[in-house]
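By letter and in written order, the chains are A, B and C; residue numbering begins at 1 in each of them.
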Amino acid sequence: MKKRTVAIAALMSAFMAGSAKAQSSVTLFGVTDAALTHASGSLSNTTGLTGGGNADNRIGFKGTEDLGGGLKAGFWLESGFNIANGTGIATNTNNQNSGISSGGGLTFNRRSTVSIGGDWGEVRLGRDYTPQYWNIGMYDPFYQVGVGASQILMSYLPALQGGGSGPAVWASNSVSYIYNMPFNGLTYGGGGFYGQAMYYRGNNPSNLPNSSDGNGYGIRVGFIGANLTVAIAHGQTSYETGNTQQDNIGASYNFGIIKLTSMFEHDRFSSITANGFLVGATAPAGQGIARIAYSRYQYDISHDPSASKLAVGYVYPLSKRTQLYGTYAHVWNTGGNAASIPGSTTGPNEPSNGFQLGMTHSF
Amino acid sequence: MKKRTVAIAALMSAFMAGSAKAQSSVTLFGVTDAALTHASGSLSNTTGLTGGGNADNRIGFKGTEDLGGGLKAGFWLESGFNIANGTGIATNTNNQNSGISSGGGLTFNRRSTVSIGGDWGEVRLGRDYTPQYWNIGMYDPFYQVGVGASQILMSYLPALQGGGSGPAVWASNSVSYIYNMPFNGLTYGGGGFYGQAMYYRGNNPSNLPNSSDGNGYGIRVGFIGANLTVAIAHGQTSYETGNTQQDNIGASYNFGIIKLTSMFEHDRFSSITANGFLVGATAPAGQGIARIAYSRYQYDISHDPSASKLAVGYVYPLSKRTQLYGTYAHVWNTGGNAASIPGSTTGPNEPSNGFQLGMTHSF
Amino acid sequence: MKKRTVAIAALMSAFMAGSAKAQSSVTLFGVTDAALTHASGSLSNTTGLTGGGNADNRIGFKGTEDLGGGLKAGFWLESGFNIANGTGIATNTNNQNSGISSGGGLTFNRRSTVSIGGDWGEVRLGRDYTPQYWNIGMYDPFYQVGVGASQILMSYLPALQGGGSGPAVWASNSVSYIYNMPFNGLTYGGGGFYGQAMYYRGNNPSNLPNSSDGNGYGIRVGFIGANLTVAIAHGQTSYETGNTQQDNIGASYNFGIIKLTSMFEHDRFSSITANGFLVGATAPAGQGIARIAYSRYQYDISHDPSASKLAVGYVYPLSKRTQLYGTYAHVWNTGGNAASIPGSTTGPNEPSNGFQLGMTHSF
């Protein structure tokens, strides 16, 4: 009889928002980060306050429920915003350029998922990071944030070619199987092997000429040891303007006094290919952490255009939740390329510089 | 003297956000629901992840304050979103098609109200469900959610004729008097009679040719007994393209081993009328709940076009907060009608099918 | 060793949202306010439900962290919305008219900041009230909210001339130094002298013809005594259509049975000037507070067009968090001016009236 009561209560509570239900365990979390930023290139500069020099601004709601028998349910709703002006960051409904949200309202662009899982792993539904993005983010000492963000994503081939920039980081309409994933997994048993396989769709009607646009998948397998971590990923997405394939591998080794990281990326978009790599390090220095990264991205087309970035930074913790930081980055272009630090523009083969001084406060 | 202090404190606290005040009792609540959905028709199909197969995705903030003397104040801010891609659901500022919000940012589209009430009932101001919607939602075993949603709202006459689709479910700029309403009332004394009268306005300037567009009202009276529930409602809204009138009645009887529900709807838009009805049932089956509904909506115009839907589903609770579910629905069209499961399109007199497998997790 | 652990944890937690961290102390706060509003002028009227007759609707998240050694960190994210229809209020990304957000999604338009401070004051980064706005808001007995809002901001010269209306109240991309500021400061040691200096930028590329558009600053110094308060402010913003300068001073004296307030405003936009003033009073009356204000704003151009407003109101507290209120306002125009209560339009030299009856509930 009890089970039947639960069944009816469940059906009713799904209909009625906020009616009587088991105690809730929602975590409200977020990051606020603002920086004085100067970006310069040969054509234009900006100086001003920008959001997210060390960590992306976000506010989120998440929770898990113990279902008994080793089973868990969970949700995660995370909204990115620009602290400098209060706008929300756009999401993308269909993994194609046509699906980018507009107007500056808050959305759950950074993650919007419901999950069920156990020791056997997690099934996650919704909008989430793609498996093929994680190595780019995790193995960059600057975590792809601020002026120090590695040139690999900044020059990302499919985005430049008009392919959907959306799934470069997140994919909507996705289903993932996740095993033992650190940090953001519903179930995490500690180090060792972990992995994720994701399938996502553009949700196009079948009678469109390009009905598979925005469809794609990614797969990633990693290992976390005492000092060594390594992970390899492959992803693929279909677009009206061409298909993209992405392969990457990243590794880090913690020598105690210094932690070295490195990653390699190979991208294909239609018949064009591009290669990127990063080498970086973080090390305790004084009371804080020094970090340095050199990254390079080169297109295999006429003149082999390439962009290289050297970024150096320092993060000084006032507490576990609050940090001050400074970052400097320099970009070199060759082969007619004109990559620049966001906020500036630069001419072909001209350099670009960025400098950021800011603070991060998490809650 | 104490009262004066309260008065001044009240005036100040209204100006200063978050300054010293009495302890807050805000409830953060929500629903996350995602489903693998296949929708097919004679013209196009989609297969993909969609949000809200069993319950609409939402996140909300609500609270009540005991004012003493049997008086209560309360607020309710509820935002709908699409978990598959993180966008917010549009609201409507003026109960007309011109007032639909855009861009995909989060809004408090599902409810945005402030209330005061007591044993005598509740006065509620803001955006809320219309009285004339409740019977459509409550007496559908699928609660108007997912592929199983009754054909009555899916084929709703005024929406199809270009009348504002907004107040089909919610109305902005509304004032309601509510008495003893179950589930979402500020004061609820238990079963018996309950009711709601709502008046809403399009907030148009008086010198516009159609200054009453978006103005309307609704009234609903219901009864909750031991096993029987019944409710009757009437609503009316003015539009530039014509006026709509809506009458409906719903009833349910719980036989213990099965609960039967039924409703009837009569709609007028300008000189056209339409009729809809639903018969449905829910019953415990194994550990969960089985549900079935047959609904039909017919326009009284040339050839009597109609759409009928049969929906069957099963909801399996993992806890009071978490469910797995599956739903199948089939739509028949006659008289040249071409209604289809959302995500698909079908030709005149052609059928449409939908199938959904998903999970719901409330918090 | 402990410090190093903190450093690494800090770096990691900046990357991983919601990972293990020190306990959070986030305050969720807000105001819900709705009113039946009638606004009339010689050309058009509206009657309807509007949000924010006594206090602006908002929902916010804020928190502070004690960093030890007298140092504090804090964040404040506050979103304005319209309770009558659930839309969010627009923000402005660049302090120019081109940067106004659209679509009605929620944004952190009312404040979006991260701060660090101590006894020496506070450094605040993000979007915030300008120093030059505070005197307009604080010395208006109606706090610039609802039909009673002083005519000074309602007729604000730069906004009418096409200058950015944004920084009339808030500025994005700002850096402030704040000392001992009551109500919203990170650190407040009690009455006496306080002050704020803010610098904000339009974040334009340097190669634009008007690269300084949206750049500006404000400074304000005030004093809070036992019964007397006084504050003076100056601000300046650059726009493509002309530069604005703003000077104002406000004072209040609490006689116990009545509190008198007054302020004076002098604005320049390009070569045009305008002057405004307000005299007002609040006094306990019965269980509540009565308030009255007379304000006038006059442009120094041909015919000296001016608008004057008399507003009277009463706020009745049901608790510290909940109030009922009524406000009546009348606007006179001279010199060909046609200012009106929002929601109505009136002809040159014609009057306008507004009446509001509503409730405010804070949480």
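Heads up, the rule we're going with is that contacts are C-beta pairs under 8 Å (C-beta built on N, C-alpha and C of every residue); 3 or more make two chains touch, one makes a residue touch a chain.
Everything numeric here is computed off the predicted structure, so don't read it as measured data.
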Chains touching chain B and chain C alike, please list them. A
For the identical-sequence pair chain A and chain C, what's the CA-based rotation angle in degrees, nearest 5? 120
Is it true that over half of the residue numbers where chain A touches chain B are used by both copies, so same, or is it different? different
Centre distance in Å when chain A and chain B are each reduced to the mean of their C-alpha atoms: 36
Chain B: positions in contact with at least two other chains: 28, 88, 102-107, 110-111
Where on chain C does chain B make contact in their complex? 27-36, 43-51, 54-55, 58-60, 62, 78, 81-88, 102-107, 110, 137, 143, 145, 183-184, 282, 284, 287-289, 291, 315-323, 343-345, 358-363
Where on chain C does chain A make contact in their complex? 3-4, 6-11, 13-19, 21-22, 24-26, 28, 61, 63, 65, 67-68, 71, 73-75, 77, 79, 88, 90-94, 99, 101-114, 116, 125-127, 172-175, 200-208
